[in-house]
Each structure stands twice: as structure tokens, then as C-alpha cells.
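The two complexes that follow have chain A in common; it is paired with chain B in the first and with chain C in the second.
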Partner chain A sequence: MSLLPWFVAAWLFAVGLYGIVTSRHCVHLIGCLTVCQSATYVLLLGLGFVRGAGPPVFYDHPPGMPAVDPVVQALVLTDIVVGAAVSALLLAIAIQVQRRRCTLDPQALRPLRPSKRTAE
Partner chain B sequence: MSPDAILPVAVLLPLGVAALLLGLAHWLPTQLPKLVAIVTALAVCGLCILLIRQSLDGPVIHWFGGWTPDASHRPDVVLGIGFQADPASAALAAFCAFLFGAAFVFAWGYFDAEHAHFHVLMLLFLAAMVGFCLTRDLFNLFVWFELMSVAAFALTAYPLGRSALEGAFHFTVTHALASFLMLAGTGLLYAGTSTLDFAAMGLIVARLGSDPVLTGGFVLVASALLTKAAILPFHLWLADAHAVAPSPVSVIFSGAMVSLGLFGLAKLVAQVFPADPHVMGLVHGLLLWLGLGTALVGGLMAYAQRHLKRMLAFSTVAHLGIMLSALAAGTGTGTAGFLLYAIGHGLVKGALFMLTGILLAQRRSADEIVLYRQGPGLWAPGLAMIAGGLLLGGLPLGLMHGATHLMHDSAALPVTLVVTVATALTGAAVLRAASRIFLGWSGAPGPELLAPTEREHEKPDRPIWLMALPPLVLLTITLTPFEAVAPVLGAAAARLSQPDAMPLPLPPMRRECPVALLLTGLLFLFAHLRRRPLTSSARALVRVERWSFGALQALHSGLIGDYVTWMIVGLAVFAAARIG
Partner chain C sequence: MTPRSRLVLLALAALILVPAIVRIALVLPGFGAPTALYGQTVNALLPDLRHVTNMVAAVNFDVRGIDTLGEEFMLLCAVTGATVLLRGARGERGNLRAGHISGRPVLARADATTLVCRIAASVTMLFGISVALHGMTTPGGGFQGGVIAASGLLLLYLGEGYAVWRALMRGPILALLEGGGALLFVLCAAGPLVAGRPALENVLPLGDLKDLYSGGLMVGVNAAVALAVAGGFGLLLLEFMEETRVPADDPAPEEAEP
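Let's turn to the complex of A and B:
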């Protein structure tokens, strides 16, 4: 495996983290979280990649041909499903937060600490 | 039926019942799902106890779909996914299921209006925890970790109040990041060993020795598990999430979920990495220091809280630090101490969260200063809360005391000292609150006056005896003498790493001066004898105290950006420890 996927994964993860840390809007923050998640996909697919190999599907060509690693692809698929569930849950929470607080600024969301600016 | 057939049933039963309840809730009478949930949790507990008994004769292993290691006809290739019950895993699974049963009884009547959604989510949560305990496959471990997290996120946000939503948001974001780290780590470990099965990985790691890819994979997976287990500097989410979740859910969070994170780590270290010198160096060095730091910070923060659930949450952080220090010691006795402490602490902390839930329902607050002298009429919860505080603070009785004895047996003096101080701080905090609320004793409030708090309450008109019974039962079980569990514990600690090892001989209990309890008493007295500062020197002292606790509180800012920054710092610390 070349170095490129490692760099791309590290870069995506770092960019996503920067976005989360500095975000001023929850939906933007959830987007950044998805960017971080993409970093893991790139890393995993890169780990399973074999140069010159075909897809791990053997119905039209004989077993024994070189193929990329199907296990990491299964891992990525499983995680895409989980990631979708988590994003949906976070967006649902964001909608409820907007209804109750009339703001989606993560800097204003501090549990148990009544904010001074907005009235309860 | 062969014994290994029980393994999948222990996970499929709660999953299946949850699916059925979700589908049928509209037609069922309101009381039925609650009964079904209690019966299911207790049935899972029974199955897991059966597994403990069978695994004492040797590990019970189930390969899904019959994909045993021999099925691939190639040595070294393990294609199947397996469940394996050793006594420790089965015991923790049984404990989780029992705690769920208690939480279901406690929550009777709390969530009547919704179509059993609470019970469905809780049963999913239970299935995930049992799966997490029993699996022997790294990716499967990740899947249960995720399922556990998603159920927990939804349960935290369940009340849909302001703080509950914000706490759930922070919880979700930090754990989503943790799960990405875990997935990336799983990928690296798979790349290094070409397998995901714990035992097969252990063999290959032993052959490879040290490899930077393996160490990197371990660091990533460990950071994810440490985030779940709320270890410094990954611990910031815990106080928010535990303080805002409904109290039956907090019981599970503090009692079982977080210690399972550490158990996952213990299993990984014992089964996969015992032969990797770099990883073991990290475990014995950095993790020990992180554990001690967590214990101190958690203890100090718990002492400086006034919101009972937040106080108990920080006390959980402190006790997790103590458990990690026992785990990092790496001795068999230390592991035995860790396992027993996880169960003893879970029982006490579960009971204390239930008692707070009783106050939230009956007295409509969880703030020890607002609740001052509001206790009369609740004598049983009052006595139970004092007993819980004493047990946390090192009362020389029962399971927690036995576990502390085991931990101290193999620990160095500085470790014992930090553990004792942290224990005393958490015990004194609970005792101070209990005496304020139930006895009406109070000194002038100290640093706790400035801590975050909120007015809130939980559904009041529930049968008080059903709420009081579970914490009393949990506390009674905690008083089980150490000698009664020692034989099973010895086998459990030894077989966590080697499935066919001989039971470990555990050192017998010695009669010692209860230092932790004395220190708890001193801190408690200090809180009570405190008076308002009148002289200028006393005022200067209080200013210094306020400033230092204020700085500590400011680090726990409640902002998600800060939490994520601290997670990055944690990763950097791991990297630095590896290089340095």
C-alpha cells in the first residue's frame, strides 16, 4: 500500500477535528463528524487494497484470482450503516435543541449551566 | 442442549423481546411490557449465571454458523465469529443483566405514556452489553460498542429537556469520534495480524513481537475504550451525560456501561497483547498514571459538586481511575481486584443513583443545598444513602472492601495513597450530602456552592416501595463477604488471559486499620465544622480554595469543542509516551 491513503486519511481526520472544535453551528459540526468518519473509510479501504486485483466477487471469474480484501469492505459497509444512524440521531437532537433553545451554536450548549443571555 | 447454545441466546433473547415489544406495544396493556422487560433481564441474568458455572470447567465457545477455526481447512485462518464465556465475562454479563432488572423495577411507572420505547431501548442496551462481554472477535466487539453507544445516546436524550438534549449531544459527538478511532484501530490490527479473533491475534502478536502498526492499532482501540470508561483526558462527557439522563438510565451508565469499557480493555490486553513489550510498557506506565490522575481529579470534582447526580458521576470517574490503576498493575491479584471492584462499585453506585432518583421524584430536586432538611419522611432511603456513602468511602465490609484489599496487595505505596485519598473524597462527598438532606447537619457551604446545578424533577406519583426496594437489595448484595466469592474470582482472574489456567490463589483478608474510612470521616467532619470566614487570613485561604476549585471546574467547561480538544491531547499523550 502506498503512503497516499495514510496521508489522505490523516488529513481528513485532522480537518474534521478542526471543524468540530471551531464549529459555531451544530449541523456544520455533524457534517465535520462525517468528514472524520470518511477518514476511517479511506484508511480501511487502503489497508485492504491490492494493486492489480479485482473485486472480491467470484461468480464470473474463477476462485484463486487476486482480489482486494473483502473483510475490510465488510467493516466499512457496517460502519456506514452505524454512521448513518448516529448522524440521524444527532440531527434529531439538533432539531429538538433548536426548538427549546432557539439556537444551534455549540458554544451556547452547556448542560446544567443556565445561560445568562437567553431566558429560560 | 449443548452448553455453548446458551451463548447466542443470552444476546438474542433481549434483542428479540425488544423487537416484539416495539411491534406490539400499541396493542399491549401498559403494564405488560414492564413485566416482560423485568422477566427478560432476570432470564438473561440466569442464563449468564449458568454460563459462569459451566465455564468454571473450561471455556464455553460458540462459533456462529458452524465456522470453527477448522472449517477453513487452513491453519492460522479464522474466518468465523465466536462467542466465548470465561467466568469473568459471564459474571460481568450476569451482573449487567441483574442491574437492568433492578433498574426496570425502579423505573416502574416512570415511563407509562410512551409505547414501551424506554423498555425497548433498555433491552437493546442490555443485549449490546452482554454481546460486548461475550464476544471474542474484535470487529464484533466494535459492533456491540456501537450498539451500546447508540442505545445510550437515545436514552440520555429521552426526557427531551434542555440539559438532557445538550448532554446527549456531547455524549454522541465524543462517542462517535471514539468509535471512528476504534474502527481505524481495528483496521490497523487486522492489517497487522490478518485476523480479528482474539486468540488467533494473540498467537500472531506473540510471533511478530513489537510492530508499530500493532502498537498504533492498540493505541486507537484503547483510546476509544478509555473514552467509554471516562479516563482522563477523555472523561469530560461523563458528568454531563450521567447528570442529565433519567435516573434509571444513569444507574446503568455508572453501574455497568463505563466499567465495561475498562473490561474490554482488560480483555484485549490479557488475550491479544501479553507478548508485545511496547503495548505492555504503555499499559504498565502511561495507563497507571492516567488512572491515578483520573482518580484524583474525579475525587476532587466529586467533592466540589452540589448536584447529586453530577457528584455521583464524578465519583464514578474517580472509581474508574482506581480500577484502571489496578488493571495497569498487570498482576493476577490486581486483575481480580479490578473485576470485583467493577461489580461492587456498580452495585453501590447503582443504588446511590436510584436514591437520587427517589429524591428527584419525591422532593423534586437533586441539589443538596436546595434539599437541605427535605429528607424527613424518607428514612429508608436516608439510611441507604448513608450506607452507600460509607461503602464508597472504604467501610471495611463486603465486596468493595475485598476488592480494595486485593488491589492494595500488589500496589506500590504511592498508588495506594492516591487510591485512598480518592476513595475518601468520594465517600465524604456522598456523606456530606446525605447528612445535609436527611439529618439537617451542615457547615457553611464550601466550593460546592459554585458548582453547576439545575432545577429539575422526575415523575412523582410512583409507588415508593418499588423505588426503595431495588437500592436496598443492591446494597445488601454488596455486603456479601469476600470469602464467599474468592474461589470463583480466582478462577475468573486467571482465565481471563489463559482459558485453561489453574485458579489463582488469592491472598486472605488481613485485619488492617481502615485508613480510607478514617480519612473519609475527617473530610466529612471538615465539611461540617466549616464556618463562614471571618478573619482576613481565613478569607485569603477561602479565596485560594475557590480559585483552585474554580480552575478545575473551568476545565470541565461543558463545551463540546473543549471536550474534543482534550481527546486530541489524550491521543498526543499516547503518541508521546510511545516515542519517549
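Let's turn to the complex of A and C:
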């Protein structure tokens, strides 16, 4: 039971990695990357969990009560927001790839070739 | 590289990685009984030292404030990069007409949709501002509040349609929010340096526990993050929505021949 969170995180990462390796579409690839990233959230929050403890917000219960680790929560919080913005950046790159190469299949992308529009 | 050879490569990597992951999972401290001292030290000391009740915000904006400054600039870089990539291909010119697939009927929006969206958008934005303002006392803070407030903008789009939404959303204002928030964060970090103190040292009066103003300099940093996140996500929404407008009106600039 106490190993389950770590293996859930490893499983999420493995599923995302398998998706990245077998991906045939850039948007699908970005989605898989987000799945990989969510594995880190499970791992970090699992590392900070204290059995029987409350949230690290001492508004209702006085300071000194047992609380879970706030450091990993802060890490996950900023990670989610920055991760969303980075996903947007990757999607913008995907739009540019579609526009210049007329494909979103990572297999079909070959570096250092003139784009189809300029070649025509 | 064929998909088959990629899978073979992945299997080879897994042969090495899986035993390592199993080994590490077995020696990690048990779930629910962590041995790390940093977080528990923060829980024990920070309510007295900084007069705040939300330890997550205290870690983000004070104890590890410099880390958050780095995160903030990662956000700024990602938003700037996405904006430059999309705008660079599209040109700066604004356009009030949305794209339309020929053959698909355009139905008038029901009044009920507009009404519900106006109410829901106002409530969502107010809730976002409230979550951001109460970041020091209750769960919340600039990151969450900024994202909630920016998501209210999408409800406006749903209720008002593209033309009105586009007239309401001003790109420069959103960019100013984004950059201004980052600048405010830098000023908060550099302010104590002017007085000869370490960067981000909490030089302001700390306020009272459970008060709206508590945590001193953290209030400024929290506001900076809220502005930057709301502006950044609003800008991303605007840029991606601009991609849907009529393409014929604004042809993409031709690439220079090599």
C-alpha cells in the first residue's frame, strides 16, 4: 500500500513516454508530455503527504497542528501554471510546423529541407 | 527512425530504467511518513516569523522567493515565445471578423447564453481576484487567482461572440499586465538591495495573522504574480483566438527565399 503512489507516478510517466515515442501527431505528443509532467505532481505530493495531518494552512486550526509538507505543494503549484504556459508555447510551435511543413506527423518532419511553400 | 526501432530503443532504455525505478521506490520513505525536515520546519516557524497562515504562499513568495522569480520569468518567456511565434506568422494587424467555415450556418446567440455568460464571467473574475487577494491567509494566491481571472475572459467570448470580445480585449493592456507584474516582482526583489539588505528580505511591516494585509513584502510579490499570470494567460487566449479569424483578410507574410 505504501508503495502504490510511487508506482502510480512511474506508471503515469511510462504511459506518457510510450505515447511520446509512438506519437504520429504533434498535438498528441504535447498531450503525452503533459501526462509525463503530471507524474511529477503525483510523486511530489506523495512525498509530502503526512498521515493524519491537515493542510499547511493554519487559518482554521492553530499553528503547531500536524500539517503536510508545504514545500512540495508550492513546487507543484508553480509547476502547473508554468507548465500550462509552456504547453501553449509548444502548441504555437505546432501551428508554425503545420503552416510551414503542411504536416504535424513527427515522422514526416525532416530537418534542413526547404518548406513546401517556398519549394512550390 | 521507424516506429519499430523507436520502440526497440524504448524497451532497451526500460531494461535499465525499470530496475532503477523499482529500487528507488523501495527505499523512499513510506507514504504518509516523510522524513524531510524542511517543510515541517517551515510549518513550525513561519506563522510566527512572517505572520501568515498559508504556508504554501509563504514558501512561494518569501522563503523560496528567488525560485519563484525564476518561475515567473519562465512564464514570461513562454508567453512571449508563443506570442512572437503566432504574431510573427500572422502580422500585427487586428481584425474583428471571426473565421467561418463555408456551408455551416451561423446561428444567432440566445439571450439566455449572453446573460448567463455575463453573470458567470463577472463572478469568475471576482472570485479570481478574491482568491489572489486572500493568498496569505487561506488557500490561494497569485498563481491560482490569476488563472481563474483569465479563464473568466473565455466566458466573455462564449457570451459576446468574437467581434465584441476582440473589441474588449486589448493586447497592449494584457502585455502591460504581464510585463508590469514581472517588473513589480523584480522591484520587490531589488528594493531591499537598495537599502543594503539581501534581495527579497521582508522589510515591510508584517501585519497581523489572518488579516488581509499580512506577510509584508509577500503582499507585493503576490500581487505581482497575480498580475503577470492573469495578463499572460489572457494574452495567450487572445493570440490563439486570433488564429481563428478570416485568413484571407490578412495573408501570412511570405518567407524570404534563401
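Keep this in mind: the second predicted complex is superposed on the first by the 111 of 120 C-alpha atoms of A that agree within 3 Å, B and C clash if a C-alpha of one lies under 4 Å from a C-alpha of the other, contacts with A are read in each partner's own complex, and residues count from 1 in each chain.
The rule we apply is simple: a contact is a pair of C-beta atoms (placed from the backbone, for glycine too) under 8 Å apart; a residue touches a chain by one contact, two chains touch by 3 or more.
Everything numeric in this text was worked out from a predicted model, so none of it was measured.
Contacts of A:Ala85 after superposition: both chain B and chain C are touched. Once the two complexes are laid over each other on the shared chain, residue contacts for A:Gln107 go to chain B and to chain C alike. More residues of chain A are touched by C (comparison of chain B with chain C). Looking at the shared chain after the overlay, A:Val71 reaches both chain B and chain C.
Legend: residue contacts after superposition of the two complexes on their common chain; A:Val21 is shown touching both chain B and chain C. Once chain A of one complex is fitted onto chain A of the other, the partner contacts of A:Leu4 are limited to chain C, with no touch recorded for chain B.
Of the two partner chains placed by the overlay, only chain C lies in contact with A:Arg51; chain B stays clear of it. Contacts of A:Leu12 after superposition: neither chain B nor chain C is touched. Legend: residue contacts after superposition of the two complexes on their common chain; A:Val97 is shown touching chain B, with no touch to chain C. The interface of chain A with chain B overlaps its interface with chain C at residues 17, 21-22, 47, 71-72, 78, 82, 85-86, 89, 93, 96, 100, 107, 114.
Chain C contributes residues 3, 6-7, 9-10, 14, 21, 24-26, 28-34, 36, 38-40, 42-44, 47-48, 53-60, 64, 67-68, 71, 74-75, 78-79, 81-82, 85-86, 89, 137-139, 141, 143-144, 146-147, 210, 229, 232-233, 236, 239-240, 243, 252, 254-255, 257-258 to its touches with chain A in the complex. Of all the residues in chain A, the ones that touch chain C in their complex are 1-7, 10, 14, 17-18, 21-22, 46-52, 55-59, 63-64, 67-74, 77-78, 80-82, 84-86, 88-89, 91-93, 95-96, 99-100, 107, 114-115, 117-118. In the complex of the two chains, the chain A residues touching chain B come out as 9, 13, 17, 20-23, 26, 29, 33, 36-37, 39-40, 43-44, 47, 71-72, 75, 78-79, 82-83, 85-86, 89-90, 93-94, 96-97, 100-101, 106-107, 109-114, 120.
Residues 139, 143, 146, 150, 153-154, 157, 160-170, 172-173, 176-177, 179-180, 183-184, 186-188, 190-191, 196, 240, 243-244, 307, 310, 452-454, 557-561, 564-565, 568 of chain B touch chain A in their complex.
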